[in-house]
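So, here come the structures, one by one.
Shared chain: chain A. Partners: chain B in the first complex, chain C in the second.
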Partner chain A sequence: MSNFNEADQGTYVVLAPEGKFNLVAAPPIKARIDDLVAAGKARIVVDLQAVDFIDSSGLGALIGGLKTARQQGGDVRIAAAGEQVRAVLKLTNLDRILSPYDTVEEALHDW
Partner chain B sequence: MAMPPSTGRREAEAVARTVSAERYDRFVRLAQAIFGAPIAALNLIGNDSQFTVASVGFPKGEMPVEDSVCQVTVQQDHALEVRDLREDERFASIPSVTGPPRVRFYAGTPVRGQSGQNIGALCILDLVPRRLGRQQLEMLSDLGALLERELAVQEEMDLAGQVQQLMLPTSAPDIDGVEIAGRVQPAREAGGDYFDWFVVNDPDGHGKRLQVVLGDVMGKGLAASLIASEVRAVLRGHSRYTDVGDAVSRTWMTTHSDLEANDRFSTLWVGRLDPITGELDYLDAGHGLAIIASQRGYRRLTQDYLPLGMPIEETWVKASDVLADDELLVVVSDGVFDVLDDSFDQVEARLGDILDPGLTCRQIVDRIVDFAVSEAATDDVTALAVRRVASS
Partner chain C sequence: MTGENEYVLEGFAVPDQLDAVHALLAEAAAAHPELDPMDVMLFETAIIEIANNVVEYGQPEGEVHWKFTIRVREDEIEAELDDTGQVFTPTQGAAMPGEDAEGGRGLAIAEAVLDKIEFERLDDTNHWRMVRRLGQTPPV
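Showing the complex of A and B:
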C-alpha cells in the first residue's frame, strides 16, 4: 500500500500523505485522485498536515489532480500545509490556483 | 596475445569506467545461486585489461587481458564452457588456474554493447571440474541477455544526459561587457533543469542584448529532459523576433498542448541585458529564484505569473530593472533553494560566500552547485551568474 491515508466522507474524500511528498510519493496520490474522479468522487481534500517537504513532482501531482477534478466539476483543495509547502506554493505562484486552507473543515466551506 | 583495438573494446573500457557495480551485482548473485558456483562475475574486456565490474567470490578490479578466460568468450557469439581449465592448453597456465583460487571449471556467455560487438562476458567458475547441461547453458545465455538489456538502458540514459549537456552553452556569448557562467547537476543521467544564453538583436533596433534563461520542468529524468529540450528550442526561436514577455507568451502558445498532454509544467526565468547600460528586461513564470545582489544587499526579480503548463491563460508582460556595474545577477533552480530550507533568510545568510569580487562567475556557480550537492540535494541543481565588466 502507498503511504497515505484515505477517508471517504460521502460528499468528499480526504487524502493524507506523510513525510516527503516527492517523486516517489506523488505518483500514487495522482493515480488515486484520477481513480476517485473516474468513480464520480471529484471533491477531494489533500490534508498536508503530516507532509514536511514537497518538491516540484509533488506540486505536479496536486496540479494534475486539480485539472482532472475540475474537468468533472469537482476540485482538489489542500489543507494544513506546513511552512515549506506554503513557501514553495508562494514561490511558484501556484497558490493562485491551489490556495492553501488552514484546516480540512475550511477547505469544505462551500461543498 | 594482444588483440587489435576494436569498437567493442573501446566501448568496454568506457562502460567499465562509468558502470555502477550495484546495478549488476544482482545478476552475478543470481548466476551464483542458480548454478551453485562459488564464483560468478561480469567481466568487461578492454584493449589491455579485463575489468571485473561485478562479482561474487572473486575481487572486483583490473587484470591483464591475456590472463582472462572471458577474452576468448567475447570472440564468439555463443557461450563458452570449459570442463577443466587445467586440461585446456589455452588456459592451463593463467595465474588464476595455476595459483589461487585455482579455478577448474568455466562457463561464460558473451554480452553485447550498444555497438553490437561483444564487450564482455557473464561467467561462473568452480574449483572442481564439472559440466552444465544444455538447459543450464541456455539459462546462462538468458541471464546474459537480460544483463545486456540492462546495460543498453543505462548506456541510452547516459547518452541522453550527454546530449542534454551538449545543448548547454559552453562558450562566452559574442557580446562585449559581460561575464557569465552556468552549471547544471542533474539528479539522474538527464533532467528537467537547464540554462541557456545567446545574443539577440533588440527588437527596437537599439543593438545587441544578452538573453539568459533558466528553466525547470517538473520532475526528473529522461521524460522531463525531453520537455525541457522542447521549451528551450521554442523559446530560442521566438526570442529572436520579440521582447522577453512576448517570447514567453508565444512559447506558451507553442508548447501548451505538449505540456498539457504530458501533465507537466515548467517554471522559467528569462532575462535580457543591455551590457552597456545595465538595463535588464525580465520575465518570471513561476520561477521566483532570480536575485540581483551586491555588498549593499539583494533584491528579487519576480512576477506573479504561473509556470507554463497551467490550466489558466495568461498574458505575459516583461518587467524591468537595472543591473549596476558592481552587481551580480544570480538565478538558481529549486534544487538549490530546497537545501536552503526554501527560505530567503537562508539565502541572505549564504550570500557572502558568492559576493567576493575576486571570484569569477565560473567560481560562483561552482560554489553554489557544489554547496547544494554537498547538502545532499535530491533534485536537479542549476545556477547561473552574470555581471557586467568593462568592455574590452
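Showing the complex of A and C:
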C-alpha cells in the first residue's frame, strides 16, 4: 500500500506515510518530495507516527529526498519515529543526518 | 522437527507478499510470548531485507517462488528462505554504506542484527539461513 497523507502548511509540507515504509511505499514518497522541491517547497517534514516498519528502501527515499531538498536550501526532517525506525536509523548511522524529532512541531523549530 | 514451533509460508516473491512475511513472523511471535519484542523487531528487519533482495532482483521477475520457514527455539530464532530465482551471489561482509548513499544497506542491516547469515546455491534453489540468538544485550 503506497498510502500517504499530505498537508501543505504554507512554509512547510508534512507528508505522513502509513504502515510499512518499504520498497512499495518508498518510490511514491521520494517522487512526491522531488516534485515538492521542484515546486519550491523544500521544507518537508515526514511524519512517521503511523509507520510501524521501515526498510532500507524507505531509508533510501528519505536520504534521497534530504539531498534533493538541501540542494535547494531546504531540508527533510522526520518526526514521531517509532522504536523500529529509530533502531534502524541507529544501525545505519543515519540518525546523524536524519535526527528523529519527537513531534512535527519540534521538527519545525527554526523554520 | 515436530512442526510445533515451525511457521511456513509459500508463494511468489512479489512485493505484495512481503506483508505475508511480516504476518508469518507476527504469528510466530504471538505463539511465543516469551520472545523479547526487540529480538522480534530486529529479526523482522533483517529477514525483510533479505526478502526484499529476492523480490527486487529475483529473475524471472514475478515468477520466482519462495518458501519461508521460521523456527523459534529456546535460545534462537531462525528463518530459512528458499527461492527459485536465478543464481545469486550475495556480497557478504560489506560495510554499511556512507550516510548519503541511497541504497546498498539491505544486506548490511541484516548482517548487523543477525548472528548467522548463510547462503548457498542448492541445485536450482537459492537457500538463505538467518539466525538471531535470543536475549542478547545490548540488542543493537
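What we mean here is this: the second predicted complex is superposed on the first by the 109 of 111 C-alpha atoms of A that agree within 3 Å, B and C clash if a C-alpha of one lies under 4 Å from a C-alpha of the other, contacts with A are read in each partner's own complex, and residues count from 1 in each chain.
Keep this in mind: a residue touches a chain if its C-beta (ideal position, glycine included) is under 8 Å from a C-beta of that chain, and two chains touch if they have at least 3 such contacts.
Small disclaimer: the values here were computed from a predicted structure and weren't measured.
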| item | value |
| --- | --- |
| Three-chain arrangement built on chain A, chain B and chain C clash or fit | clash |
| Touching partner for A:G60 - first (chain B), second (chain C), both, neither | both |
| Contacts of A:A31 with chain B and chain C, given as first, second, both or neither | neither |
| Touching partner for A:L94 - first (chain B), second (chain C), both, neither | both |
| Touching partner for A:A7 - first (chain B), second (chain C), both, neither | neither |
| Clashing chain B stretch [against chain C; choices 41-49, 185-193, 203-211 or 239-247] | 185-193 |
| Overlap of chain C and chain B interfaces on chain A (superposed complexes) | 22-23, 53, 55-57, 59-60, 63-64, 67, 84, 87-88, 90-94, 96-97 |
| Residues on chain B engaged by chain A in the complex (per definition of touch) | 192, 216, 218-220, 263-265, 267, 286-289, 304-307, 310-312, 334, 337-338, 341-343, 378-379 |
| Chain B-touching residues of chain A, taken from the complex the two chains share | 22-23, 53, 55-57, 59-60, 63-64, 66-67, 70, 84, 87-88, 90-94, 96-97 |
| Chain C residues within the chain A interface of the complex | 15-16, 18-19, 22, 38, 41-42, 44-45, 48-49, 52, 55-56, 96, 99-106, 108-109, 112-113, 139-140 |
| Residue ranges of chain A touching chain C (in the complex, touch as defined) | 20, 22-24, 53, 55-57, 59-61, 63-64, 67, 83-84, 87-88, 90-94, 96-97 |
